[in-house]
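Down below are the structures I want you to see.
Shared between the two complexes below is subunit A, which has subunit B as its partner in the first and subunit C in the second.
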Partner chain A sequence: MQEWRTMTPDPILWNDWHPVAARCTLDPGRAHHTVLLHVPLVVTIDAAGTIIARRNDGAPLQQCERYGLVWVCLGTPVQPVLAIPEADEPDRPPVVVGAIGVRAAGPRVIENFLDLGHLGYVHAGYLGDDPQTRVLPYDVAPLPDAGVHGGLIATRCRMYQPKASPAATEGFLVDYFYKVERPLATCLYKDNPVHRDRFDVIYLFVQPVTEVTSIAHPLLLCLPDGTTPAALRAFQQIIFMQDKPILENQRPARLPLYDGAELPIGADRSSVAYRRWLAAIGLRWGVITATEAAGAPR
Partner chain B sequence: MSANDGGTFDAGARPDFWPDFWPGFSPGDWYAIAADHDVIPGHIYRTTLGGHDLAVWRTRDGTVQIWRDRCPHRGVRLSLGEVAGDELRCQYHAWRFARGGACTYIPAQPAMKVPGTIHAEVWPAAEAGGLIWSGIDPQGAPPALPAGTVVRALPVARPAAVVAEALAETDWPGLALVVQPADAQSAIVRGVATDGDCLAADRLLRALRRRIEQNGPEQNGGERGA
Partner chain C sequence: MILYDAHHLAPCYAVRLLAGLLGVPLTLAPMDVYPGHDDQTDAFLDLAPAGRLPVLIDGDRVLGDWQEILAHLALGHGPAWFPADKPALIGWLGLARDLGGSAGLARMIDTFGAAGDAAAARAEADRLLDHAERHLWFAERAGGQWLLPRPTPTIADVGCFVFIAPCEDGGLSLRDRPALRRWCDRVRFLPGFVAMSGVFPPMANTPR
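Let's look at the complex of A and B:
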């Protein structure tokens, strides 16, 4: 049994859309080479701004552009790129954070995004702080109006945050909710320090490269609070760089979906629900299923 | 896929699961996995034995702890963590584990009495001859090496069985050597120089490594009689 396997493509991910590049980082003078689900791709932009994504082997693919990102589907899309209603609100244009390579399985990256218990340590001084590390009870439920595979929503999440966003001048108890809309697409809604009646929205899309390597594409839909896009990007890059060493040191690299592999507590409700949901929809990529674990030597 | 067919990353190919034994690695044997002086106070030493990642550290009184290098909660390497007094604290959620492996504190649920089932996986540990020893279920005492100075550990990119065979072909006056099977493809030679001449030992071992590694990996002891 190996960390990654040359296997039949996972049908769920093969027939879904994944970001492979951001328009703002493409350069007419230089092709962008990347890999999606083991398939090498090249993305080019010409002087007129036309973007073309191609497989290196010339096989066809589907391509579109949303939210400043170039999306590719290698198979037959079963649904469109996920809809983000907030992206249509004129005062919060999407800000692409950048493509961040991480040597971790896509599902591990998503699970980390949903995790409340690490905020006070991994993101100490920003998204949490010792000793206010208690994870208050929150709820997790199936996501209504989700895509073809369903999804999850975690509500009533609260965390004391010293610096919840670049505009925060003091710590406050931040209200959150999270959605998992696709196996490798998640988002959170959190209080904005200036607009207390609306939420900043942060998406995380994970481009699956191999089963144990990924490229994270965070996308920000933040309310105008005086923060420049560059400052928003820098803040999120700091946050992600704090997570990266954790993600790259989780073993096994693939997310175990079988009972007893890892020991969750009540604060891990989101993570438990995410793993169960992945098992229920039959995701095979970047995970260790119960069937596979049962056949392993130990 | 290979590392460079247009991809950004080397995929890496470490298995998730290892068999408990293979040529050069038996569950009943002790293996030297570190030198005493590798595991200094406050440091977590990381090594691999039989494909199993281990985290090695000391409590305040100097007792060696050898644990599986993996937090039972969410799988993060414990060697990424911190030694805090007599406890090791995981870097992800700051769960604390005491001597013997029991989890003592979970900051996300500070009021909760931690269930006894939450435990780091503890490996057998012994100190002898300036080396730290472990194994799956080692019987008896670790091999008694003659008194001497611990030589620099030498990793060799060949299976333990191949390395042990090569060691056995030569006399090593003044040296007592043992092999740590790291994973199926690599081993670490450890031991002591009875005359204290570590420089000479290092020269000899590096020459041995060159010789072993010049032979192709197809002479893989791991494939024999498995």
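Let's look at the complex of A and C:
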């Protein structure tokens, strides 16, 4: 890895909040060692339940706890941790899925989450199925009322899913919409098989470790449909573990943001919008910028 | 038969896979061991004092070791999978257990944040994978397809497969191990094969 990349923090991510641990996985008998933006951290919990995150080098950081996750900002936060209105609805307490390490760039992980085209193949039998793999036309637009860097919303997404959630007993055409609210935070709203007038919400926060390694922190805000939190967790872990080998084999490892890097089709509308948005806000972490692709000196 | 199971643990997958290959139905009792700790509750430790998954309940019998469960299923439902007159079976089951402590451990560290030294686990796994690769490469030259020189697979193939097939999750690679890749495909094409996340089934339209 080039030296400048390890030395220069990406200002957007450096000044944002990232999850680095979940309260339910911390153990008073064992410190949790992790890395955020190349910075080694240790997170501890004492017998009273007090959680402290520290940089190994002793430099200061900002810390808070939301949705069962421990959040850290290494720089100066330009905005608070993402607000999730559904987390305040009393019948759907947030369920932490458990962190999953993946040897892929953070933006690659987000892009994969947005991708409808892979559902029928990578998640066959769950979130799609061969031969019903066609991605119907959908819309992507700037996200209204977004944070300081804006965001995206993809609507009118539909996919036939044999087992859309643990509570699903038969396949049905599932309505979705997606939001990208921060460069490494995204979520989807999907039909619940029981509550047909409300949506299950699934968040994915990506902890950037190095530019090409990440830790996924999925968070569920699912409606009460008889599914236990353990079953919700297991279902999402199964889905994310199916994505992991796909993500780890994507090349180039960093997400290319320049035109002509790949040949997108209609189903890739959200991916194209995400890449263009990252280029527009100037994200440098885990991406290959147009400037870099052109071989310009830094 | 009831299997206390966790979807992401390779030893649990070994039991589900062999049951599929034998056509033996299992009732799964899913355990939340990550991020939960269902395997450390008093109720579970009463049942299985070692606190390890998987655990198989077959009538009055409680089997708490994954290789013991493989042997039990094979003896009851497919003796060809357990050739007790072949000492090499024990050797390859031993390799499977060592792969669990190396390739499997690296996968647990990298993916689920388990405690341990990932680099040391990968170094040991690389050594064992090279050994298995050489063995299978020469076995193929001699007309063999499986770890033991027999026309059909054994529980040793199942035991090694569940650590070798998803080894990329732990930062290992089969790219330069073509005999292992071909052997993995032979397992995947067996009738009754079941997948695990990270171990893909053959595509529906793939010729067999």
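Keep this in mind: the second predicted complex is superposed on the first by the 290 of 298 C-alpha atoms of A that agree within 3 Å, B and C clash if a C-alpha of one lies under 4 Å from a C-alpha of the other, contacts with A are read in each partner's own complex, and residues count from 1 in each chain.
By our rule, contacts are C-beta pairs under 8 Å (C-beta built on N, C-alpha and C of every residue); 3 or more make two chains touch, one makes a residue touch a chain.
Computed from a predicted structure; not experimentally measured.
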Fit or clash between subunit C and subunit B when superposed on subunit A: fit
Touching partner for A:130 - first (subunit B), second (subunit C), both, neither: both
Which of subunit B and subunit C A:40 touches, first, second, both or neither: first
Touched partner set for A:237, first subunit B, second subunit C, both or neither: second
Touching partner for A:101 - first (subunit B), second (subunit C), both, neither: both
Touching partner for A:15 - first (subunit B), second (subunit C), both, neither: neither
First (subunit B), second (subunit C), both or neither touched by A:245: both
Partner chain(s) touched by A:118 [first = subunit B, second = subunit C, both, neither]: first
Gap in Å between nearest CA atoms once subunit C and subunit B share a frame through chain A: 5
Common ground on subunit A, meaning residues reached by subunit C in one complex and by subunit B in the other: 34, 101, 103, 130, 245, 249
Residues of subunit C that touch subunit A when the two form their complex: 7-8, 30, 32, 34-36, 38, 110-113, 115, 166, 168-169, 171, 196-198, 200, 203-205
Residues of subunit B touching subunit A in the complex: 1, 5-9, 11-20, 53, 69-70, 72-77, 80, 91-94, 106-112, 117-118
Complex contact set, residues of subunit A against subunit C: 22, 24-25, 30, 32, 34, 96-103, 130, 229-231, 233-234, 237-242, 244-245, 248-249
Subunit A - residues contacting subunit B, complex: 1-4, 6, 33-35, 38, 40-42, 56, 101, 103, 111, 115-118, 120-122, 130-131, 133-135, 209-213, 215, 245-246, 249-254, 256, 262-267, 271, 288, 296-298
